[in-house]
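Presented sequentially are two complexes of subunit A, the first with subunit B as partner and the second with subunit C.
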Partner chain A sequence: MKFYCEKDIIQNAINTVQKATSTKTTYPILEGILIDAKDNTLKFTATDLDLGIETYINANVAEEGSIVVKSSLFGEIIRKLPDDTVMIETNGDNIIIKCQKSEFTLVGNNYEEFPKLPTINENSMYEISQDVLKNMIRQTIFATAQDETRPILTGVLFEVKDGKLSFVALDGYRLAVKSCEINSKNNISAVIPGKTLNEISKILEISDEKVKITFTPNHILFNLGNTKIISRLLDGEFINYRQIIPDEYNLRAKVKTNKLLDSIERASLLAREGKTNLIKFNILDKQIIVTSNSQMGKVNEEVEIELEGQGIKIAFNSKYFIDVLRTIDSEEIYLEFSTSVSPCLVKKADSNDYIYLVLPVRLVDND
Partner chain B sequence: MKFYCEKDIIQNAINTVQKATSTKTTYPILEGILIDAKDNTLKFTATDLDLGIETYINANVAEEGSIVVKSSLFGEIIRKLPDDTVMIETNGDNIIIKCQKSEFTLVGNNYEEFPKLPTINENSMYEISQDVLKNMIRQTIFATAQDETRPILTGVLFEVKDGKLSFVALDGYRLAVKSCEINSKNNISAVIPGKTLNEISKILEISDEKVKITFTPNHILFNLGNTKIISRLLDGEFINYRQIIPDEYNLRAKVKTNKLLDSIERASLLAREGKTNLIKFNILDKQIIVTSNSQMGKVNEEVEIELEGQGIKIAFNSKYFIDVLRTIDSEEIYLEFSTSVSPCLVKKADSNDYIYLVLPVRLVDND
Partner chain C sequence: MIDYGNRTIMHIDVNSAFLSWSAVYELQRGSKVDLREIPSVIGGSKEDRKGIVLAKSTPAKKYGVQTGEALWEAKRKCPELIIVPPNFNLYTKYSNALYELLHEYSPKVQRFSIDECFIDYTGMEKNYGKPVEMAYKIKDRIKNELGFTVNIGIGRNKLTAKMAGDLKKPDMVHTIYPEEIPQKMWPLDVKKLFMVGRKTEKKLKEMNIITIGDLANTDVGILTNKLKSFGKLIWEYANGIDNSPVQTQENIITKSIGNSTTTKFDVEDYITAHKVLLALVESVAQRLRATNSCCRLVTVELKSSEFLSYSHQKKLFTPTNITCEIYKAAKELFDEMWKKEKIRQIGVRVSDLCSDEFIQTSIYDNDIDKKQALDKTIDDIRNRYGKSSVFRAVFVDSGVPEIESGTETEDYSTANQLSQIKSK
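For the complex of A and B:
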């Protein structure tokens, strides 16, 4: 194998596939990047067996071939090279990297040891633009479960039903549902690992270029043009989330997102000191009073609202509100309540494409 | 105590003094900031008993008084308040913070429990501009010892002799000396803790405003106008560093600082894999060949030089070169060598105000 390519092009390709390399593994080949050079094209591949990423770049290929090179070291070397053409060639299982007056010889691995990514027959069942997908991930992924006691909850449900695509995440304390229109009659319900979506989100750009998505029974393939991302799906049935979402409320408060976020963030400084993250809402006619206290002191915040219905006193884990208020993309939101022990719904005031549900904390003396 | 002050002014004052608060201490009052309100001026003070910082700001003081408040919590609360006037008052040992519709009540401490900073009669023995002082710290502090086996080496020598101020740091493997002219006939030799200089460096601005420096037998006081920093000095005699610096050399190489830095940084990627940080220089007529190897591979870098004298082969810990090449402010430097087991001197090509000395690594087979 021998090829010439610009340093920054190689570097971008490494950055893309590196998101799938294993860092803690007992199988060292998974720390590597597979480089295939053929027909003036390079294919870089990395995988941790759950997630696989491959990306294609153009290069001047003088001699076809393949090799595996340790991802972290290769990445650091390329990054520190001067901005110029890099020549890379193999010598047996060694890889030689030359740029200007630098010459590295690294121990590589035979390409035959590298695991093959699953072969997927692309039928491009769904198309969605990169920025929409990125936003759907951002507004749901934080609500996935972080512990593995119920593995299915560490993923995000990808559901297409009647021309609507929904991303759904829940962890037992809160639920996030983000939807958009999709031009497809194929209904589907599949659960994508949170880690996969996290890494894809870093690769997605804020652009309206399309991502093509293909499912097999066990895998999902995202095709971004020059880059393909393949992930296994999570096994099991997702919770029937629709029945969790109440469709009625006793009171509804309209509030400015940033004002509420700022107040809860300040209140949480004391809530955090008490290790409980507990904040209390006292919802009155024209304002919410947010309070919190710990052995360090107490805080009282007022936020203006427009109220429909009677007031209520209710308590929450501040983190569950901060997470959603930081990601929701609407100047104003509705908070919908029924009783002080029923879930609160958070919705955008200007759109129906997002629903967030959060359980309250029951207080012994509800003051 | 009761006063009104703009949020950002309070925040800046907290940021300044917070550098002296203890975070790990068995004496909780040292986690606090002492606030003294008097004559429409606030004084904020923090200390960890080794280092003390006080800063003065203007405020509308409605009622004089003093209190101690926990630095980290107070700082976070002020930072998250809206950009507006903040009202702060005491109620017994509590402190009340109001801004717009936010109200915090924090448990404070009585000001009488807060340790007094040493009283120093300011005679302003030396004056130096902020940017010069900042640079002198930056170019020497990295060469202080990080372990406490010889505590004096964790500090930087402040030496005035015959109208020249020198900062000197050494750790047994390398030595850095940065000098400048100073308008004073008072010779002195005192050792300032590295930690103190680190914190001062963050407060110093890139400006030619003067810092006034006063010494007592045990303390140093830096007066920056609105801010005073008091630190204890380190006990003991500093090493007679002058006798360590050779005044002759057998060969001298002139080299571009950045080219050498880039090559050594790349070579160190492999040196690091081998855990030794070992890089080798082969100094030839027109270039230095920098090499390194480990079980992961090997690297060969060429850097152009202008040589006076005969070539040499010599090895170093790459970290000791990277540290100095990253901080030296000269496009070209001289490297001066005598033998492969004697120290190398690094000097600026365009100035005599900086000397760096580094010991080579002896190799068993010097190839």
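For the complex of A and C:
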């Protein structure tokens, strides 16, 4: 194998596929990137067996061939090379990197040991623009579970039903549903690992270029043109989230998103001291009083609201509110409540494409 | 700043606690015999197979009966030996009474185990007089008002106070002030030193360290080399150095609550095992609620009839103190771990505790309010009318006690070894 390519092009390709390389593995080959050179095209592949990424770049290929090189070291070397054409060739299982007056010889691995990514017949079931997909991930992924007590909750539900695509994430304490129109008659329900979406959202760009999505019973494939991302799907039934979302409320408050966020962020400074993240809402006719206290002191914040219904006192983990208020894309939001122990719904005032549900903290009077 | 060298600490230790307490209780109920004056022991009944000596009377000691030996062994040494089963509820009551009485003399009382307390008497001289005189008063008051005898040790720290309390029993007051350490502590066998167990004793004796004095005068470097930081600790103890504070009830944090029982017969089926688990959980959950806590982790421990022990643990989705939720987790654990062999001992432990003041609700909660109300009602009834006043129907004629509070254990998070619970 021998090829010539610009340094920054190689570097971008490495950055893209590196997101799938394993860092802690008992299978060292997975720490590597597979490079295939053919027909003036380079294919870079990396996988941790759950997630696989391959990306294509153009290069001047003098001699076809393949090799596996350790991802982290290769990435570091390329990044530190001068901005110029890089020549890479193999010599047995060794790989030689030349750029201007630098020359590296690295130990590589035989490409035959590298696991093959699952082959998927692309039928492009769905098409969605990159920026929409990125936003859908951003507004739901934070609500996935971080621990493995219930593995299915570490993923995001990808659901297409009657021309509507919904991303749903929940960790048992809160739930985020983001929807958009999709031009497809195929209904589907599959759970994508949170880690996959997290890595994809780093690769996605803010552009209206389409991403093509294909499902198999066990895998999902995102095709971004030059880059393909294949991920295993999570096994198991997702929770029937619709039955958790109440359709009625006793009171509804309209509030300015950033005003509420600022108040809660300030109040949570003290909540954090007490390590409970506990903040209390006292919802009155014209305002919400946000309070919090810990051994270090107490705080009292007022936020103006427009209220329908009777006031209420309710307590929350401040993190669950901050997460949503930071990502919701609406200047004004509705907060819907029923009782002090039932869920609160957060909705956009100008659209119904987003629903966030958060369960309160139960306060117990120890007599 | 606390002047560590100038504190006055007292250690109060109930003489043969379980036996004394059972004896006092029997006398109060009109018994004519004082268990303390005849050869007697506290131990589980033979049928229950919990057959070891937990405490012995002085006359029983003369026959060579030892704490920890099997009951049948003790019986062979002394055929007329009276065996009284333990009554932990009773012991807790006496222990609380002792604690209350001591609390009159100092705000700083630490319950070190069920039958031992430390009090920090520093600065109390003005109100109550010299430590030694006061110790005699306290000792006599306990004897007259509560009916049992104690040893009181006085020192500048908890270590020397405890060592003093152990000097000569029963019903005595001893001091070990710094200047008395060489003559009172150093001649003792090194195994008498707090924290020196059988294994350490063996290691020390191999190093020709026979007495506490030998240990105190050994180069600390040699000890740390051999026993790591523990070597330094026991060297400090041997020299009477200990700066640990008397920890009052409020700042001792319970780390876990557990309960285990040796069953009357080997358990060989799921139904019986589940009943035993439920009986254990009943008691564990009630104690958890009594401390206003919830747990996030449940552990089940098994010991087979061949004395092989193993355990599994499970993290809960939401912290809880509801009996049936903990039981559910315990049952799942048991079912996943049991290898179908005969089970001799079953234990349940809850840990990773947090306050029950505020609990994040989850979508998996169901009927929490109802379950909490139920548990609270049952607790109230049991507290008022006794543990067996209300129990689950599954226990009727099952041969499994409805609430198993056989061997209760609690761990506390503590600053150093002297603060750790020592089980007797």
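The working rule: the second predicted complex is superposed on the first by the 364 of 367 C-alpha atoms of A that agree within 3 Å, B and C clash if a C-alpha of one lies under 4 Å from a C-alpha of the other, contacts with A are read in each partner's own complex, and residues count from 1 in each chain.
The working rule: a residue touches a chain if its C-beta (ideal position, glycine included) is under 8 Å from a C-beta of that chain, and two chains touch if they have at least 3 such contacts.
These numbers come from a predicted model, not from an experiment.
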{"item": "Touched partner set for A:Leu269, first subunit B, second subunit C, both or neither", "value": "first"}
{"item": "Partner chain in contact with A:Gln139 - subunit B first, subunit C second, else both or neither", "value": "neither"}
{"item": "Partner chain in contact with A:Asn317 - subunit B first, subunit C second, else both or neither", "value": "second"}
{"item": "Subunit A: partner with more touched residues, subunit B or subunit C", "value": "B"}
{"item": "Subunit B versus subunit C as contact partner of A:Asn300, first or second or both or neither", "value": "first"}
{"item": "Common interface positions of subunit A, toward subunit B and toward subunit C", "value": "none"}
{"item": "Contact set on subunit B toward subunit A in their complex", "value": "70, 73, 76-77, 80-82, 94, 101-107, 262-263, 265-266, 269-270, 273, 295-303"}
{"item": "Residues of subunit C defined as touching subunit A within the complex", "value": "292, 315, 317-318, 356-364, 368-369"}
{"item": "Subunit A to subunit C touching residues, read off their complex", "value": "147, 149-150, 170, 172-173, 175, 239, 244, 276, 278, 315, 317, 341, 359-364, 366"}
